[in-house]
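Next come two complexes, and both contain chain A; in the first it sits with chain B, in the second with chain C.
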Partner chain A sequence: MLKPPLPLGSLLFLQLPLLGVGLTPAVLTPSGNEDITADFFLTSTPPGNLTVSTPPLPEVQCFVFNIEYMNCTWNSSSQPQPTNLTLFYWYKNSDYDKVQECGHYLFSSDITSGCWLQKEEIHLYETFVVRLQDPWQPSRQATKKLKLQDLVIPRAPENLTLRNLSESQLELSWSNRDLDHCLEYLVQYQSDRDHSWTEQLVDHRPSFTLPSVDGQKCYTFRVRSRYNPLCGSSQLWSKWSRPIKWGNHTSNETLLLFALKAVFIPLGSMGLVISLICVYCWLERTMPRIPTLKNLEDLVTEYHGNFSAWSGVSKGLAESLQSDYSERFCHVSEIPPKGGAPGEGPEGSPSSQRSPYWAPPCYTLKPET
Partner chain B sequence: MTTPASADHVPWYIFGIPPLILVLLPVASPDCEIEGKNGEEYRHVLTVSFEILAPIGENDSNCLNNEHNFFKKHSCDDDKEATFLKTAARKLKHFLNTNIHEELKHHLSIVSQGTLKLLNCTRKEAKKSLKEQRKQDDMCFLRMLLQQIKTCWNKILRGTKEH
Partner chain C sequence: MDRIVLCLMVIFSGTVAHKSSLQRPDRFLIRMRQLIDIVDQLNNYVNDLGPEFLPAPEDVKRHCERSAFSCFQKVQLKSANAGDNEKKINVLTKQLMRKLPPTNAGRRQKQRLTCPSCDSYEKKPPKEFLERLKSLIQKMIHQHLS
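Up next is the complex of A and B:
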C-alpha cells in the first residue's frame, strides 16, 4: 500500500491554517468575551476599498412590557428594497455577554420588522446591546446600547375601589400586579360639571385621597402607572385603568330630562303644527272646493228654489253639470212566454222576434246650439 | 507497650489557624450593610442629584461607546452590589478636586457621601494617590460612573435577583 510521502503530508497539514487566515478579512481586535462571529461583523470594509454609500438602517426601538417580554421593532417599510434584516443582541460586561441572534422574529408583510424576547432573556440592570444588520451587506449594521430599566411599560392598574373616609372625603385605591413599590401613579378625576381632568402624581402607595367632594356631583376617576423612580427611570406610562364613578348619577339623568323637556318637545310640537299647516295648504290647492251647505229653508225663502245660487256652485259649474243630450223614456217590457204575449210588437212575425230583454235605443243626440 | 497517639503530639500548624481566620474574616465577610432599602432617601435625595448631574457628558456623542477598564473590573453583580457601590462612590469623590462647576461638585458630593452613608460600611480604605486622581478628569467616564451607580441602586431597590 502506497503511503503519501511524509513531507507532502506535512505540507498539506500546514496549508490548512493558511487557508483559514486567507478567509478572515482583517486582524480581529480582542473584545473580551464576545464571540468571534460577532467580531467578524464588527469590522468595517478593508482599507483601500472604495466606500459605497449604503442606505441607513431603520432605528430599533425596544420596550419591556411589565418585565414579562420585550419587543424590539423597526420600520421595515422604510427600506428602499424589502430586506429581511437580522437582529443580534448581548449584554455588555456581563455573564450574559454571548452574542445571540433573535430567536423569535416579528414580521410585517413577510419582512422581519422586530424581535420578541421572553422573560428569561431580559436582564434589566445589565447594559443591553442590540445590533441590526443587513445579511446581504454585513458592513451595513447599526448598534445601540440601552438601559432596559428605563424602557419598562407596566400593566395598567386594576381593581379601582372607592370608599368614604368621611362625609366629604373620598379615598381611591387600586392594585398593580408584580411591580408594586417600583411604580408611581398618575390619578385623573373630573366631575360631571368639569370640562377637563384634574390630575395628581402619586408615589408608590396605591391610594389617593380627595379631601372634599360635592355630593351633588358625579365623579369619574382613572389611574395609570410608570416604572419610576426607585427601580428605573422610565418615562413611559401604562394604559389608563378602567374608569370608576362615584356620586349622584341622577344628576346626569336630570340634565337629560331637562334637555328633553325644554328643547325637544317644543321643537317637535312646532314641527308637527307646521307640517299640518303645510298639508292643509297643499290640500287646498289640489282638491276642488266643496260647496258650503247652508240652511235648507233658505233655498225656498231666499233663493226661491235657485239651487245653484243657494249651494254656491258657480253658474259655469252648474251648466257643465247639465247633460248635453235628451233622453226619452223607454218602455222596456218583457216578452211573455208562449201562449199569450201581451207585449207583441207591430211586426208580429216570428222572424222579427228579438231577445226578450232587447230594447231599441231610446236616446237621440241633441243638436248643439 | 506502645504509647497511644496522644494529645501530646499536636500538629503545630493548628495554632496558626485561628489567627489566620481572624485575619481573613474582614476580607471574606461584607463590611457594608445597605440601609435605605425602602427607597425614601434615594427618592428624595439621590434622585434629585442624579437629575441635575444627568447633562454631564451629554454632548459627547461617542461617550457610551468608550470602554473603561473600571467597568470591566467592577460591576453590580448579584450579591456584590454593596461592594460595587462603595468602590464607585469612592471613585466619584475624586472628581470633587477637578475643575467642574461648584453646583455639580455639590451634587457629586451628595451622591458620593449619600451612597456611602446608606451603605453603612464599617471598614475605611486608604486614600488614593494623586496620580490616579488625574486620570479621572474624564467627563465621559464620570457620566458612565453616575449611570452605573444609579443602575445599581435601581437594582437594589427592586429587591429581586437577576435570573
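Up next is the complex of A and C:
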C-alpha cells in the first residue's frame, strides 16, 4: 500500500514568511553617547526554526563608595528564570582598556546580583564601560557607559565640633577623612522649639557659622556631603553625620526630666488634692462633728433651755443619743424603825403595803440611827 | 646687641614670608571654579547654540589636559538665534577663552610628549560638548587638589 506523498511544497511555502520574521542583528557601534543601554540582541535564525524572543537583561547600577570600592548591581529576581549573569568591564580609550570579567561577584539567593571592584580597579575620569551578559546566550548582553566621577558617594562627615566665636555666634566645623576639597556640604540645624530642620548649603570649606543663637534654646546640628561640583557631578549625598547638640543645662533636659516636670508633678498634685477631699468627705460622713459651744447665756435667753439646738448637735445625732430602752421605775422606800411589829410599818403590814403593781426588788436605804 | 637685633629681624622676616605664602590665593583653583560656573550657565542656553558638531575631547591622556582644554577654548560657541541670549552666550564664551593661570603641573606639561591635535578628537553636539568640557575641568581640579 503506497503512502500518500508528504505535502513538501506546502511546508516550504509556509517557511518562506518565517525567514522574514527574524530581525536583523542590532549592531552596537560605540558612538560615544553616554549611558547607552541595549536591552537585548536578536540574531537571525536558520530556516525552519522559530525565533524565540529573549527577555531583557536587568539594568546595571554602579556606585563608587568614597573612592574605596565600587558596587555594580542588578536585580537578579527580575529574571523569569534564575540565571547567573556575568559582568565584564573595561575603560574606553585608556591604559585600562583590556576587557576584564568581574573578579568578585555578589550573590542574592545563590544567583549573581552584582560585582565588587576594589580601589585599584577604579579610575574616575575615564569612561567606564560595563557589560552584563547571559553566559548561556552570549548574544544576550547589555552594555552601559558610565562616568564614575558622577557616581561617587562619600563618607559621612565626622568629628563635628562647636565653638563660640562670640556671645551669640556659633561655629560648627567637621572633617572628612578623604576627598575633603572636592566635597560640598549640607548643614541642617534645629532648636528644641522648632518643628523642622533649617538647612544651608556649604562649599568645600568644612565649617559653618550661625550668626545668632538663643542661649535659652538647645540646638542640634548634622551634616552630610556630596562629590559635587568641583571634582564630579554626583547627585548622591552621603549619610548624615552623628548629630551634635549645643545649649545650656536647663534647656538641655532629657525627655524623662521634661515629662517628670511637665506631666507627672501636676498630675500627682491634683491626685493628692482630690484624694484629700475624698478622705475629708468620708470622715465628715462617718465621724460626727464636735459641737461648738456657744455662750451659756444664749442657752437660756435664746434657746430657752433647748440644749441640742444651742450646742449645734444635729437632730439626727440628738435622736441617736436618746435611749432606745425603757427601765421600770425603782421604788425606793425607807425601812420602818424598830418598835413596830416586825414587818409593820407606819403604813400597815407588809402584806398590806403591796402596791397595785409589783415593784422589782431594788436597793433600799437604811435609816440613820 | 646689633647681632641680636639682626637675628630677630631675620626670624621676623621668615615668619612673615611663611605666613604670606600660606595666605596666597590659589588662582588656578579659583579660575577652575569659575569655569565650572560658566559651563553651568552655558548649559542653560544649550538650546540656543548652533547644531553643528564640535570637537569634544574625552578620556584625555595624562598630562594632555591643558592641551585638550585649549581645544575646547578654540571652539567658537555661537547662538543660532539673535536676541538677549546671544549677548549672554558671547559674554560667557569670552570668559571661557581666558588663559588658565599656570601651575607646577602645567609647567611640566610643556616638556611632555606631544598631545593629540584638536581635529583628532571626536565631534559632538553642543550639549555633549559642554558635558565633556565640565568633566575635563573636574579632572583638572581633582589633579590639582591631589
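By our rule, the second predicted complex is superposed on the first by the 199 of 369 C-alpha atoms of A that agree within 3 Å, B and C clash if a C-alpha of one lies under 4 Å from a C-alpha of the other, contacts with A are read in each partner's own complex, and residues count from 1 in each chain.
In this text, contacts are C-beta pairs under 8 Å (C-beta built on N, C-alpha and C of every residue); 3 or more make two chains touch, one makes a residue touch a chain.
Quick caveat, the model's predicted, so the values are computed rather than measured.
Asks: Identify whether chain B and chain C fit side by side or clash on chain A in the overlaid structures.
Replies: Because the two structures are overlaid on the shared chain, the partners are seen to clash.
Asks: Per the contact definition in the header, classify A:149: touching chain B only (first), chain C only (second), both, or neither.
Replies: A:149: touches chain B and chain C.
Asks: Between chain B (first) and chain C (second), which, if any, makes contact with A:217: first, second, both or neither?
Replies: neither
Asks: Of the partners chain B and chain C, which touch A:93 in the superposed model: first, second, both, neither?
Replies: Touch partners of A:93: chain B and chain C.
Asks: Applying the document's definition of touch, where does A:231 land relative to chain B and chain C: first, second, both, or neither?
Replies: both
Asks: Just checking: does A:181 make contact with chain B only, chain C only, both, or neither of them? Give me first, second, both or neither.
Replies: In the superposition, A:181 contacts both chain B and chain C.
Asks: For A:124, select first, second, both or neither according to whether it touches chain B, chain C, the two together, or no partner.
Replies: The answer is both, since A:124 touches chain B and chain C.
Asks: Is A:140 touching anything from chain B or chain C once the two structures are fitted on A? First, second, both or neither.
Replies: After superposition on chain A, A:140 lies in contact with neither partner.
Asks: For chain A, which residues belong to both interfaces, chain B and chain C?
Replies: Overlap of chain B and chain C footprints on chain A: residues 32, 93-94, 124-126, 147, 149, 181-182, 229-233.
Asks: Note which residues of chain C are touching chain A in the complex, please.
Replies: Contacts found on chain C: 32-33, 36, 40, 58-59, 122, 124, 128, 131, 134-135, 138-139, 141-142, 145.
Asks: In the complex formed with chain A, which residues of chain B make contact?
Replies: The contact residues of chain B facing chain A are 39, 42-43, 47, 64-65, 71-72, 75-77, 147, 150-152, 154-155, 157-159, 162-163.
Asks: Can you check the complex and tell me which residues of chain A touch chain C?
Replies: Per the stated touch rule, the residues are 32-34, 91-94, 124-127, 147, 149, 181-182, 229-233.
Asks: Taking the touch rule as given, give the residues of chain A at its contact with chain B in the complex, in rising order.
Replies: 32, 93-95, 120, 123-126, 145, 147, 149, 181-182, 203-204, 229-233
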